[in-house]
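You will see chain A twice below: alongside chain B first, and alongside chain C after that.
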Partner chain A sequence: MPYFREEEARAIIQDTYGHVRSDRAAVAEAFYAPEELARLPRGAAELALGVGHPVGHAALQPGEVVLDLGCGAGIDTLLAAFAVGPGGRVIGLDMTPEMAERTQQHAAAADLANVEVREGLIEEIPLSDASVDVVLSNGVLNLSTRKSRALAETMRVLRPGGRVSLSDLILTEALPEDVLKSPAALAG
Partner chain B sequence: MFGEKAAKGGFKTIEVFDRRSMTLDELAVYPLFTPEFLAWLKRSIPPAQQDRIIYTAHIRGKKDGHV
Partner chain C sequence: MLLKKFFNVGFEEIVVAERKPFGLGELTRYPLFTKEFLEFLKKIMPPHRHEELVFSIVLTARKPRDATAA
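== the complex of A and B ==
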(Lines of atoms letter the chains of each structure in order from A and count residues from 1; the text may use other names and numbers.)
(Lines give C-alpha, C1' and ligand atoms only; values in the text may rest on other atoms or scores of the structure.)
Protein backbone atom coordinates (compact mmCIF):
# COMPACT_ATOMS: atom_id res chain seq x y z
CA MET A 1 0.00 0.00 0.00
CA PRO A 2 1.57 3.33 -1.00
CA TYR A 3 1.89 5.82 1.86
CA PHE A 4 2.75 8.78 -0.37
CA ARG A 5 1.04 10.10 -3.46
CA GLU A 6 3.30 10.29 -6.48
CA GLU A 7 3.64 14.09 -6.29
CA GLU A 8 4.37 13.97 -2.56
CA ALA A 9 7.04 11.32 -3.02
CA ARG A 10 8.64 13.28 -5.83
CA ALA A 11 8.72 16.48 -3.76
CA ILE A 12 10.31 14.68 -0.79
CA ILE A 13 12.96 13.09 -2.98
CA GLN A 14 13.74 16.33 -4.82
CA ASP A 15 14.04 18.21 -1.53
CA THR A 16 16.31 15.58 0.01
CA TYR A 17 18.61 15.17 -2.98
CA GLY A 18 18.59 18.87 -3.81
CA HIS A 19 19.93 19.73 -0.38
CA VAL A 20 22.32 16.85 0.23
CA ARG A 21 25.90 17.87 1.01
CA SER A 22 28.98 15.78 1.62
CA ASP A 23 32.67 16.44 2.07
CA ARG A 24 33.81 12.82 2.08
CA ALA A 25 33.70 10.14 -0.57
CA ALA A 26 32.88 7.17 1.67
CA VAL A 27 30.13 5.80 -0.57
CA ALA A 28 32.23 6.12 -3.73
CA GLU A 29 35.21 4.49 -2.04
CA ALA A 30 33.02 1.48 -1.20
CA PHE A 31 32.14 0.74 -4.82
CA TYR A 32 34.71 2.28 -7.19
CA ALA A 33 38.42 1.70 -7.71
CA PRO A 34 40.85 4.44 -6.62
CA GLU A 35 42.06 4.87 -10.21
CA GLU A 36 38.47 5.51 -11.35
CA LEU A 37 37.90 8.08 -8.62
CA ALA A 38 41.18 9.79 -9.48
CA ARG A 39 39.78 10.71 -12.90
CA LEU A 40 36.72 12.45 -11.46
CA PRO A 41 36.09 15.89 -9.99
CA ARG A 42 35.98 15.54 -6.22
CA GLY A 43 32.34 16.65 -6.02
CA ALA A 44 31.20 13.77 -8.23
CA ALA A 45 32.77 11.26 -5.85
CA GLU A 46 31.68 13.03 -2.66
CA LEU A 47 28.06 13.02 -3.77
CA ALA A 48 27.97 9.41 -4.95
CA LEU A 49 24.80 7.97 -3.43
CA GLY A 50 24.48 4.69 -5.30
CA VAL A 51 24.61 1.10 -4.14
CA GLY A 52 26.81 -0.51 -6.76
CA HIS A 53 28.88 0.00 -9.89
CA PRO A 54 26.60 -0.31 -12.94
CA VAL A 55 29.27 0.99 -15.32
CA GLY A 56 31.61 -1.78 -14.22
CA HIS A 57 29.01 -4.38 -15.17
CA ALA A 58 27.87 -2.77 -18.43
CA ALA A 59 30.76 -3.73 -20.76
CA LEU A 60 30.46 -0.35 -22.49
CA GLN A 61 32.01 -0.04 -25.92
CA PRO A 62 33.48 3.01 -27.64
CA GLY A 63 30.84 4.86 -29.62
CA GLU A 64 27.82 3.65 -27.64
CA VAL A 65 24.96 5.89 -26.54
CA VAL A 66 24.27 5.52 -22.81
CA LEU A 67 21.46 6.81 -20.61
CA ASP A 68 22.03 7.16 -16.86
CA LEU A 69 18.67 7.17 -15.06
CA GLY A 70 18.81 9.43 -12.02
CA CYS A 71 22.35 10.57 -12.67
CA GLY A 72 22.70 12.46 -9.37
CA ALA A 73 25.99 14.31 -9.19
CA GLY A 74 27.23 12.33 -12.16
CA ILE A 75 29.68 9.68 -11.01
CA ASP A 76 28.33 6.94 -13.31
CA THR A 77 27.59 9.37 -16.14
CA LEU A 78 31.21 10.55 -16.14
CA LEU A 79 32.70 7.04 -15.90
CA ALA A 80 30.46 5.95 -18.77
CA ALA A 81 31.57 8.97 -20.81
CA PHE A 82 35.20 7.95 -20.38
CA ALA A 83 34.31 4.39 -21.44
CA VAL A 84 32.38 5.25 -24.62
CA GLY A 85 34.92 7.88 -25.63
CA PRO A 86 34.49 10.97 -27.79
CA GLY A 87 32.61 8.96 -30.45
CA GLY A 88 29.96 7.98 -27.92
CA ARG A 89 27.46 9.95 -25.90
CA VAL A 90 26.12 9.75 -22.36
CA ILE A 91 22.83 11.32 -21.32
CA GLY A 92 22.39 11.95 -17.61
CA LEU A 93 18.75 12.23 -16.58
CA ASP A 94 17.65 13.54 -13.20
CA MET A 95 14.42 15.05 -11.90
CA THR A 96 16.23 17.19 -9.31
CA PRO A 97 17.50 20.42 -10.89
CA GLU A 98 20.39 20.78 -8.41
CA MET A 99 21.63 17.28 -9.26
CA ALA A 100 21.34 17.79 -13.03
CA GLU A 101 23.33 20.99 -12.65
CA ARG A 102 26.02 19.21 -10.62
CA THR A 103 26.46 16.56 -13.29
CA GLN A 104 26.77 19.30 -15.90
CA GLN A 105 29.41 21.09 -13.82
CA HIS A 106 31.34 17.89 -13.12
CA ALA A 107 31.32 16.89 -16.80
CA ALA A 108 32.69 20.32 -17.71
CA ALA A 109 35.34 20.06 -14.99
CA ALA A 110 36.37 16.64 -16.35
CA ASP A 111 36.50 18.13 -19.86
CA LEU A 112 33.95 15.60 -21.14
CA ALA A 113 32.19 16.99 -24.21
CA ASN A 114 30.21 13.79 -24.77
CA VAL A 115 27.93 14.28 -21.76
CA GLU A 116 24.47 15.74 -22.11
CA VAL A 117 22.29 16.35 -19.06
CA ARG A 118 18.51 16.44 -19.06
CA GLU A 119 16.07 17.26 -16.31
CA GLY A 120 13.17 14.84 -16.31
CA LEU A 121 11.45 11.78 -14.91
CA ILE A 122 12.52 8.20 -15.35
CA GLU A 123 8.83 7.36 -15.82
CA GLU A 124 8.63 9.78 -18.76
CA ILE A 125 12.06 9.64 -20.34
CA PRO A 126 12.50 12.62 -22.67
CA LEU A 127 14.14 10.60 -25.44
CA SER A 128 12.83 9.05 -28.62
CA ASP A 129 12.14 5.34 -29.12
CA ALA A 130 15.10 3.03 -29.73
CA SER A 131 17.67 5.78 -29.32
CA VAL A 132 19.98 4.32 -26.65
CA ASP A 133 22.38 1.35 -26.55
CA VAL A 134 22.71 0.99 -22.78
CA VAL A 135 20.67 2.18 -19.79
CA LEU A 136 22.37 2.50 -16.40
CA SER A 137 20.82 3.13 -13.02
CA ASN A 138 22.27 3.14 -9.53
CA GLY A 139 19.98 3.16 -6.50
CA VAL A 140 17.25 5.05 -8.32
CA LEU A 141 14.50 2.65 -9.40
CA ASN A 142 13.62 1.88 -5.77
CA LEU A 143 12.66 5.55 -5.34
CA SER A 144 10.02 5.42 -8.06
CA THR A 145 6.38 5.01 -7.16
CA ARG A 146 5.85 3.69 -10.72
CA LYS A 147 8.64 1.14 -11.18
CA SER A 148 6.87 -0.80 -13.92
CA ARG A 149 6.34 2.41 -15.86
CA ALA A 150 10.04 3.31 -15.45
CA LEU A 151 11.04 -0.13 -16.76
CA ALA A 152 8.62 0.20 -19.69
CA GLU A 153 10.16 3.55 -20.54
CA THR A 154 13.62 2.03 -20.30
CA MET A 155 12.54 -0.67 -22.73
CA ARG A 156 11.07 1.92 -25.10
CA VAL A 157 14.24 4.03 -25.41
CA LEU A 158 16.55 1.03 -25.84
CA ARG A 159 17.49 -0.09 -29.31
CA PRO A 160 16.84 -3.74 -30.20
CA GLY A 161 19.66 -5.68 -28.58
CA GLY A 162 20.24 -2.84 -26.12
CA ARG A 163 21.29 -3.53 -22.53
CA VAL A 164 20.41 -2.48 -19.01
CA SER A 165 22.81 -2.45 -16.08
CA LEU A 166 21.01 -1.64 -12.83
CA SER A 167 22.19 -1.58 -9.22
CA ASP A 168 19.52 -1.16 -6.62
CA LEU A 169 18.08 -1.90 -3.20
CA ILE A 170 15.73 -4.77 -2.52
CA LEU A 171 13.59 -5.24 0.56
CA THR A 172 13.21 -8.89 1.48
CA GLU A 173 10.52 -8.28 4.09
CA ALA A 174 8.00 -5.56 4.77
CA LEU A 175 9.35 -2.64 6.78
CA PRO A 176 7.38 -1.60 9.86
CA GLU A 177 4.53 0.78 9.01
CA ASP A 178 6.14 3.72 10.87
CA VAL A 179 9.20 3.39 8.66
CA LEU A 180 7.14 3.14 5.48
CA LYS A 181 5.37 6.37 6.45
CA SER A 182 8.64 8.21 7.08
CA PRO A 183 9.66 10.77 4.42
CA ALA A 184 13.34 10.28 5.36
CA ALA A 185 13.07 6.53 4.77
CA LEU A 186 11.31 7.10 1.45
CA ALA A 187 14.09 9.35 0.19
CA GLY A 188 16.80 6.92 1.29
CA MET B 1 11.68 -9.61 -7.18
CA PHE B 2 13.75 -7.00 -8.98
CA GLY B 3 14.64 -9.56 -11.65
CA GLU B 4 10.99 -10.58 -11.95
CA LYS B 5 9.95 -6.98 -12.59
CA ALA B 6 12.61 -6.70 -15.27
CA ALA B 7 11.39 -9.93 -16.86
CA LYS B 8 7.80 -8.68 -16.78
CA GLY B 9 9.06 -5.52 -18.44
CA GLY B 10 10.15 -7.66 -21.37
CA PHE B 11 13.90 -7.90 -20.78
CA LYS B 12 15.67 -11.09 -21.86
CA THR B 13 18.75 -12.89 -20.58
CA ILE B 14 18.43 -11.37 -17.13
CA GLU B 15 21.31 -11.92 -14.75
CA VAL B 16 21.13 -11.01 -11.06
CA PHE B 17 24.41 -10.91 -9.19
CA ASP B 18 26.40 -9.17 -6.43
CA ARG B 19 23.41 -9.76 -4.14
CA ARG B 20 24.36 -8.92 -0.56
CA SER B 21 22.72 -7.64 2.56
CA MET B 22 23.11 -4.05 3.64
CA THR B 23 23.08 -3.48 7.38
CA LEU B 24 21.65 -0.39 9.03
CA ASP B 25 25.19 0.49 10.15
CA GLU B 26 26.28 0.59 6.51
CA LEU B 27 23.62 3.22 5.79
CA ALA B 28 25.59 5.61 8.01
CA VAL B 29 28.06 6.36 5.19
CA TYR B 30 25.25 7.91 3.14
CA PRO B 31 24.90 11.66 3.70
CA LEU B 32 21.16 11.28 3.13
CA PHE B 33 20.64 10.06 6.70
CA THR B 34 21.11 11.90 9.97
CA PRO B 35 22.41 10.04 13.03
CA GLU B 36 19.04 10.73 14.67
CA PHE B 37 17.16 9.11 11.80
CA LEU B 38 19.43 6.07 11.84
CA ALA B 39 18.98 5.71 15.60
CA TRP B 40 15.20 5.89 15.11
CA LEU B 41 15.41 3.30 12.33
CA LYS B 42 17.29 0.94 14.65
CA ARG B 43 14.60 1.35 17.28
CA SER B 44 11.82 0.86 14.73
CA ILE B 45 13.08 -2.27 12.98
CA PRO B 46 13.26 -5.40 15.17
CA PRO B 47 16.92 -6.36 15.78
CA ALA B 48 16.42 -9.80 14.22
CA GLN B 49 15.33 -8.17 10.96
CA GLN B 50 17.91 -5.42 10.77
CA ASP B 51 20.66 -7.31 8.97
CA ARG B 52 18.48 -9.24 6.56
CA ILE B 53 15.79 -6.82 5.43
CA ILE B 54 17.73 -4.66 2.96
CA TYR B 55 19.73 -6.15 0.11
CA THR B 56 21.58 -4.65 -2.78
CA ALA B 57 21.83 -6.41 -6.11
CA HIS B 58 22.89 -5.82 -9.66
CA ILE B 59 20.80 -6.74 -12.68
CA ARG B 60 21.90 -7.00 -16.23
CA GLY B 61 19.39 -7.57 -19.02
CA LYS B 62 18.97 -7.27 -22.74
CA LYS B 63 16.22 -6.10 -25.04
CA ASP B 64 15.30 -8.63 -27.68
CA GLY B 65 16.51 -8.13 -31.21
CA HIS B 66 19.65 -7.14 -33.03
CA VAL B 67 21.15 -3.74 -33.58
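== the complex of A and C ==
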Protein backbone atom coordinates (compact mmCIF):
# COMPACT_ATOMS: atom_id res chain seq x y z
CA MET A 1 0.00 0.00 0.00
CA PRO A 2 1.55 3.32 -1.01
CA TYR A 3 1.77 5.81 1.85
CA PHE A 4 2.73 8.74 -0.36
CA ARG A 5 1.21 9.95 -3.61
CA GLU A 6 3.67 10.08 -6.50
CA GLU A 7 3.94 13.89 -6.48
CA GLU A 8 4.37 13.95 -2.72
CA ALA A 9 7.05 11.28 -2.80
CA ARG A 10 8.91 13.05 -5.58
CA ALA A 11 8.82 16.36 -3.68
CA ILE A 12 10.18 14.75 -0.51
CA ILE A 13 12.97 13.04 -2.42
CA GLN A 14 13.93 16.15 -4.39
CA ASP A 15 13.98 18.24 -1.25
CA THR A 16 16.05 15.70 0.66
CA TYR A 17 18.62 15.11 -2.05
CA GLY A 18 18.71 18.72 -3.12
CA HIS A 19 19.75 19.81 0.35
CA VAL A 20 21.91 16.92 1.52
CA ARG A 21 25.43 17.87 2.58
CA SER A 22 28.32 15.73 3.72
CA ASP A 23 31.96 16.18 4.63
CA ARG A 24 32.79 12.50 4.92
CA ALA A 25 32.84 9.65 2.42
CA ALA A 26 31.65 6.85 4.70
CA VAL A 27 29.21 5.39 2.17
CA ALA A 28 31.70 5.50 -0.69
CA GLU A 29 34.43 3.93 1.46
CA ALA A 30 32.09 1.05 2.30
CA PHE A 31 31.44 0.11 -1.32
CA TYR A 32 34.32 1.33 -3.49
CA ALA A 33 38.01 0.49 -3.54
CA PRO A 34 40.51 3.17 -2.42
CA GLU A 35 42.07 3.21 -5.87
CA GLU A 36 38.67 3.96 -7.41
CA LEU A 37 37.98 6.79 -5.00
CA ALA A 38 41.43 8.25 -5.58
CA ARG A 39 40.45 9.04 -9.20
CA LEU A 40 37.37 11.03 -8.20
CA PRO A 41 36.75 14.58 -6.99
CA ARG A 42 36.23 14.48 -3.24
CA GLY A 43 32.68 15.80 -3.60
CA ALA A 44 31.60 12.82 -5.69
CA ALA A 45 32.72 10.47 -2.90
CA GLU A 46 31.30 12.57 -0.06
CA LEU A 47 27.87 12.62 -1.68
CA ALA A 48 27.80 8.96 -2.72
CA LEU A 49 24.47 7.77 -1.36
CA GLY A 50 24.08 4.42 -3.09
CA VAL A 51 23.71 0.98 -1.57
CA GLY A 52 26.16 -1.08 -3.57
CA HIS A 53 28.63 -1.08 -6.45
CA PRO A 54 26.75 -1.69 -9.71
CA VAL A 55 29.68 -0.53 -11.86
CA GLY A 56 31.69 -3.36 -10.35
CA HIS A 57 29.26 -5.90 -11.80
CA ALA A 58 28.54 -4.20 -15.13
CA ALA A 59 31.55 -5.48 -17.13
CA LEU A 60 31.80 -2.13 -18.92
CA GLN A 61 33.81 -2.13 -22.13
CA PRO A 62 35.58 0.67 -23.96
CA GLY A 63 33.30 2.44 -26.39
CA GLU A 64 30.03 1.53 -24.68
CA VAL A 65 27.18 3.96 -24.08
CA VAL A 66 26.01 3.88 -20.48
CA LEU A 67 23.04 5.43 -18.71
CA ASP A 68 23.24 6.04 -14.96
CA LEU A 69 19.67 6.26 -13.66
CA GLY A 70 19.45 8.62 -10.72
CA CYS A 71 23.12 9.60 -10.95
CA GLY A 72 23.14 11.74 -7.80
CA ALA A 73 26.49 13.47 -7.40
CA GLY A 74 27.99 11.20 -10.04
CA ILE A 75 30.20 8.58 -8.43
CA ASP A 76 28.99 5.76 -10.68
CA THR A 77 28.71 8.06 -13.71
CA LEU A 78 32.35 9.05 -13.35
CA LEU A 79 33.62 5.51 -12.73
CA ALA A 80 31.66 4.34 -15.78
CA ALA A 81 33.16 7.18 -17.83
CA PHE A 82 36.67 6.04 -16.92
CA ALA A 83 35.74 2.47 -17.87
CA VAL A 84 34.26 3.18 -21.30
CA GLY A 85 36.96 5.66 -22.21
CA PRO A 86 36.89 8.53 -24.67
CA GLY A 87 35.26 6.37 -27.33
CA GLY A 88 32.31 5.71 -25.06
CA ARG A 89 29.71 7.93 -23.50
CA VAL A 90 27.96 8.08 -20.13
CA ILE A 91 24.68 9.84 -19.56
CA GLY A 92 23.82 10.72 -15.97
CA LEU A 93 20.10 11.24 -15.39
CA ASP A 94 18.70 12.82 -12.22
CA MET A 95 15.45 14.54 -11.36
CA THR A 96 17.08 16.74 -8.72
CA PRO A 97 18.66 19.85 -10.34
CA GLU A 98 21.21 20.22 -7.56
CA MET A 99 22.44 16.65 -8.03
CA ALA A 100 22.56 16.94 -11.83
CA GLU A 101 24.64 20.09 -11.43
CA ARG A 102 26.99 18.31 -9.01
CA THR A 103 27.58 15.47 -11.46
CA GLN A 104 28.34 17.99 -14.19
CA GLN A 105 30.82 19.79 -11.94
CA HIS A 106 32.48 16.56 -10.79
CA ALA A 107 32.85 15.31 -14.37
CA ALA A 108 34.52 18.59 -15.32
CA ALA A 109 36.79 18.42 -12.28
CA ALA A 110 37.79 14.88 -13.27
CA ASP A 111 38.49 16.10 -16.81
CA LEU A 112 35.96 13.70 -18.30
CA ALA A 113 34.69 14.83 -21.70
CA ASN A 114 32.53 11.73 -22.26
CA VAL A 115 29.90 12.55 -19.62
CA GLU A 116 26.58 14.18 -20.37
CA VAL A 117 24.09 15.02 -17.62
CA ARG A 118 20.36 15.39 -18.08
CA GLU A 119 17.59 16.31 -15.69
CA GLY A 120 14.65 14.00 -15.89
CA LEU A 121 12.63 11.16 -14.44
CA ILE A 122 13.61 7.49 -14.51
CA GLU A 123 9.97 6.79 -15.33
CA GLU A 124 10.22 8.98 -18.47
CA ILE A 125 13.80 8.57 -19.68
CA PRO A 126 14.63 11.35 -22.15
CA LEU A 127 16.50 9.07 -24.56
CA SER A 128 15.62 7.31 -27.80
CA ASP A 129 14.68 3.66 -28.04
CA ALA A 130 17.59 1.22 -28.14
CA SER A 131 20.20 3.93 -27.63
CA VAL A 132 22.32 2.61 -24.73
CA ASP A 133 24.39 -0.49 -24.11
CA VAL A 134 24.24 -0.54 -20.31
CA VAL A 135 21.98 0.93 -17.66
CA LEU A 136 23.28 1.42 -14.13
CA SER A 137 21.33 2.35 -11.05
CA ASN A 138 22.33 2.60 -7.42
CA GLY A 139 19.79 2.92 -4.64
CA VAL A 140 17.30 4.70 -6.88
CA LEU A 141 14.58 2.31 -7.99
CA ASN A 142 13.32 1.94 -4.41
CA LEU A 143 12.58 5.69 -4.44
CA SER A 144 10.15 5.32 -7.34
CA THR A 145 6.43 4.83 -6.85
CA ARG A 146 6.28 3.47 -10.41
CA LYS A 147 9.04 0.87 -10.43
CA SER A 148 7.55 -1.21 -13.25
CA ARG A 149 7.29 1.91 -15.39
CA ALA A 150 10.95 2.74 -14.67
CA LEU A 151 11.95 -0.80 -15.64
CA ALA A 152 9.87 -0.64 -18.82
CA GLU A 153 11.66 2.58 -19.74
CA THR A 154 14.98 0.91 -18.99
CA MET A 155 14.05 -1.90 -21.34
CA ARG A 156 13.02 0.60 -24.00
CA VAL A 157 16.26 2.56 -24.08
CA LEU A 158 18.51 -0.52 -24.02
CA ARG A 159 19.73 -1.97 -27.28
CA PRO A 160 18.86 -5.65 -27.83
CA GLY A 161 21.34 -7.61 -25.74
CA GLY A 162 21.95 -4.57 -23.54
CA ARG A 163 22.64 -5.00 -19.84
CA VAL A 164 21.41 -3.66 -16.52
CA SER A 165 23.42 -3.53 -13.33
CA LEU A 166 21.34 -2.26 -10.46
CA SER A 167 21.92 -2.01 -6.75
CA ASP A 168 18.98 -1.53 -4.43
CA LEU A 169 17.39 -2.42 -1.13
CA ILE A 170 14.91 -5.22 -0.70
CA LEU A 171 12.70 -6.22 2.19
CA THR A 172 12.49 -9.80 3.32
CA GLU A 173 10.27 -8.92 6.26
CA ALA A 174 7.75 -6.07 6.49
CA LEU A 175 8.69 -2.82 8.19
CA PRO A 176 6.36 -1.30 10.80
CA GLU A 177 3.77 1.08 9.42
CA ASP A 178 5.22 4.00 11.39
CA VAL A 179 8.48 3.53 9.49
CA LEU A 180 6.76 3.20 6.12
CA LYS A 181 4.87 6.46 6.72
CA SER A 182 8.06 8.34 7.56
CA PRO A 183 9.36 10.80 4.94
CA ALA A 184 12.89 10.08 6.18
CA ALA A 185 12.44 6.38 5.45
CA LEU A 186 10.99 7.16 2.01
CA ALA A 187 13.92 9.32 0.98
CA GLY A 188 16.61 7.20 2.56
CA MET B 1 9.15 -8.74 -5.86
CA LEU B 2 11.95 -6.86 -7.62
CA LEU B 3 13.08 -9.95 -9.53
CA LYS B 4 9.48 -10.55 -10.54
CA LYS B 5 9.22 -7.00 -11.90
CA PHE B 6 12.35 -7.55 -13.97
CA PHE B 7 10.95 -10.81 -15.29
CA ASN B 8 7.56 -9.28 -16.07
CA VAL B 9 9.14 -6.49 -18.10
CA GLY B 10 10.98 -9.07 -20.20
CA PHE B 11 14.54 -9.09 -18.90
CA GLU B 12 16.54 -12.29 -19.16
CA GLU B 13 19.61 -13.67 -17.37
CA ILE B 14 18.43 -12.08 -14.14
CA VAL B 15 21.04 -12.71 -11.49
CA VAL B 16 21.39 -11.49 -7.92
CA ALA B 17 25.13 -10.97 -8.01
CA GLU B 18 25.40 -9.79 -4.44
CA ARG B 19 23.17 -9.76 -1.34
CA LYS B 20 24.19 -8.23 1.96
CA PRO B 21 22.33 -7.38 5.18
CA PHE B 22 21.78 -3.68 5.72
CA GLY B 23 21.09 -2.60 9.28
CA LEU B 24 21.26 0.31 11.67
CA GLY B 25 25.04 0.33 11.52
CA GLU B 26 24.98 0.83 7.77
CA LEU B 27 22.42 3.64 8.03
CA THR B 28 24.70 5.71 10.26
CA ARG B 29 26.96 6.26 7.24
CA TYR B 30 24.30 8.22 5.38
CA PRO B 31 23.86 11.98 5.88
CA LEU B 32 20.22 11.43 4.90
CA PHE B 33 19.28 10.23 8.37
CA THR B 34 19.22 12.28 11.54
CA LYS B 35 20.33 10.95 14.88
CA GLU B 36 16.71 11.24 16.02
CA PHE B 37 15.44 9.11 13.14
CA LEU B 38 18.03 6.44 13.82
CA GLU B 39 17.04 6.40 17.49
CA PHE B 40 13.40 6.08 16.44
CA LEU B 41 14.28 3.09 14.24
CA LYS B 42 16.28 1.49 17.02
CA LYS B 43 13.29 1.74 19.37
CA ILE B 44 10.62 0.62 16.92
CA MET B 45 12.46 -2.28 15.29
CA PRO B 46 12.83 -5.51 17.25
CA PRO B 47 16.44 -6.21 18.26
CA HIS B 48 16.76 -9.21 15.95
CA ARG B 49 16.35 -6.87 12.97
CA HIS B 50 18.80 -4.18 14.01
CA GLU B 51 21.54 -5.68 11.84
CA GLU B 52 19.19 -6.76 9.04
CA LEU B 53 16.54 -4.09 8.46
CA VAL B 54 16.70 -4.75 4.73
CA PHE B 55 19.11 -6.32 2.26
CA SER B 56 21.17 -4.53 -0.35
CA ILE B 57 21.51 -6.41 -3.59
CA VAL B 58 23.24 -6.01 -6.90
CA LEU B 59 21.12 -7.40 -9.68
CA THR B 60 22.22 -7.84 -13.27
CA ALA B 61 20.01 -8.64 -16.23
CA ARG B 62 19.95 -8.48 -19.98
CA LYS B 63 17.49 -7.31 -22.63
CA PRO B 64 16.79 -10.19 -25.02
CA ARG B 65 19.13 -10.12 -27.98
CA ASP B 66 16.28 -10.67 -30.38
CA ALA B 67 14.10 -7.93 -28.86
CA THR B 68 12.70 -5.43 -31.31
CA ALA B 69 12.78 -1.76 -30.40
CA ALA B 70 9.76 -0.60 -28.33
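The working rule: the second predicted complex is superposed on the first by the 188 of 188 C-alpha atoms of A that agree within 3 Å, B and C clash if a C-alpha of one lies under 4 Å from a C-alpha of the other, contacts with A are read in each partner's own complex, and residues count from 1 in each chain.
Simple rule for what comes next: a residue touches a chain if its C-beta (ideal position, glycine included) is under 8 Å from a C-beta of that chain, and two chains touch if they have at least 3 such contacts.
Owing to the predicted nature of the structure, the values given are computational and were not obtained by experimental measurement.
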Touching partner for A:Asp129 - first (chain B), second (chain C), both, neither: second
Return first, second, both or neither, reflecting whether A:Glu101 touches chain B, chain C, both chains, or no partner chain. neither
Check the residue A:Glu173 against both partner chains and state whether it touches chain B (first), chain C (second), both, or neither. both
On the A-aligned overlay, A:Glu8 touches which partner chain: chain B = first, chain C = second, or both, or neither? neither
Touching A:Glu119 in the superposition: chain B (first), chain C (second), both, neither? neither
List the residues of chain A that touch chain B in one complex and chain C in the other. 16, 20-22, 26-27, 30, 49, 51-54, 57-58, 141, 147-148, 151-152, 154-155, 158-173, 175-176, 178-179, 182, 184-185, 187-188
Partner chain A, residues of chain B touching it in the complex: 1-2, 5-6, 8-11, 17-19, 22, 27, 29-34, 37, 41, 44-46, 49, 52-67
Complex contacts: residues of chain C adjacent to chain A: 1-2, 5-6, 8-11, 17-18, 20, 22, 26-34, 37, 40-41, 44-45, 49, 52-70
Chain A residues within the chain C interface of the complex: 16, 20-22, 26-27, 30, 49, 51-54, 56-58, 129-130, 141, 147-148, 151-152, 154-156, 158-173, 175-176, 178-179, 182, 184-185, 187-188
For the complex, give me every residue of chain A touching chain B. 16-17, 20-22, 26-27, 30, 47, 49, 51-54, 57-58, 133, 141, 147-148, 151-152, 154-155, 158-173, 175-176, 178-179, 182, 184-185, 187-188
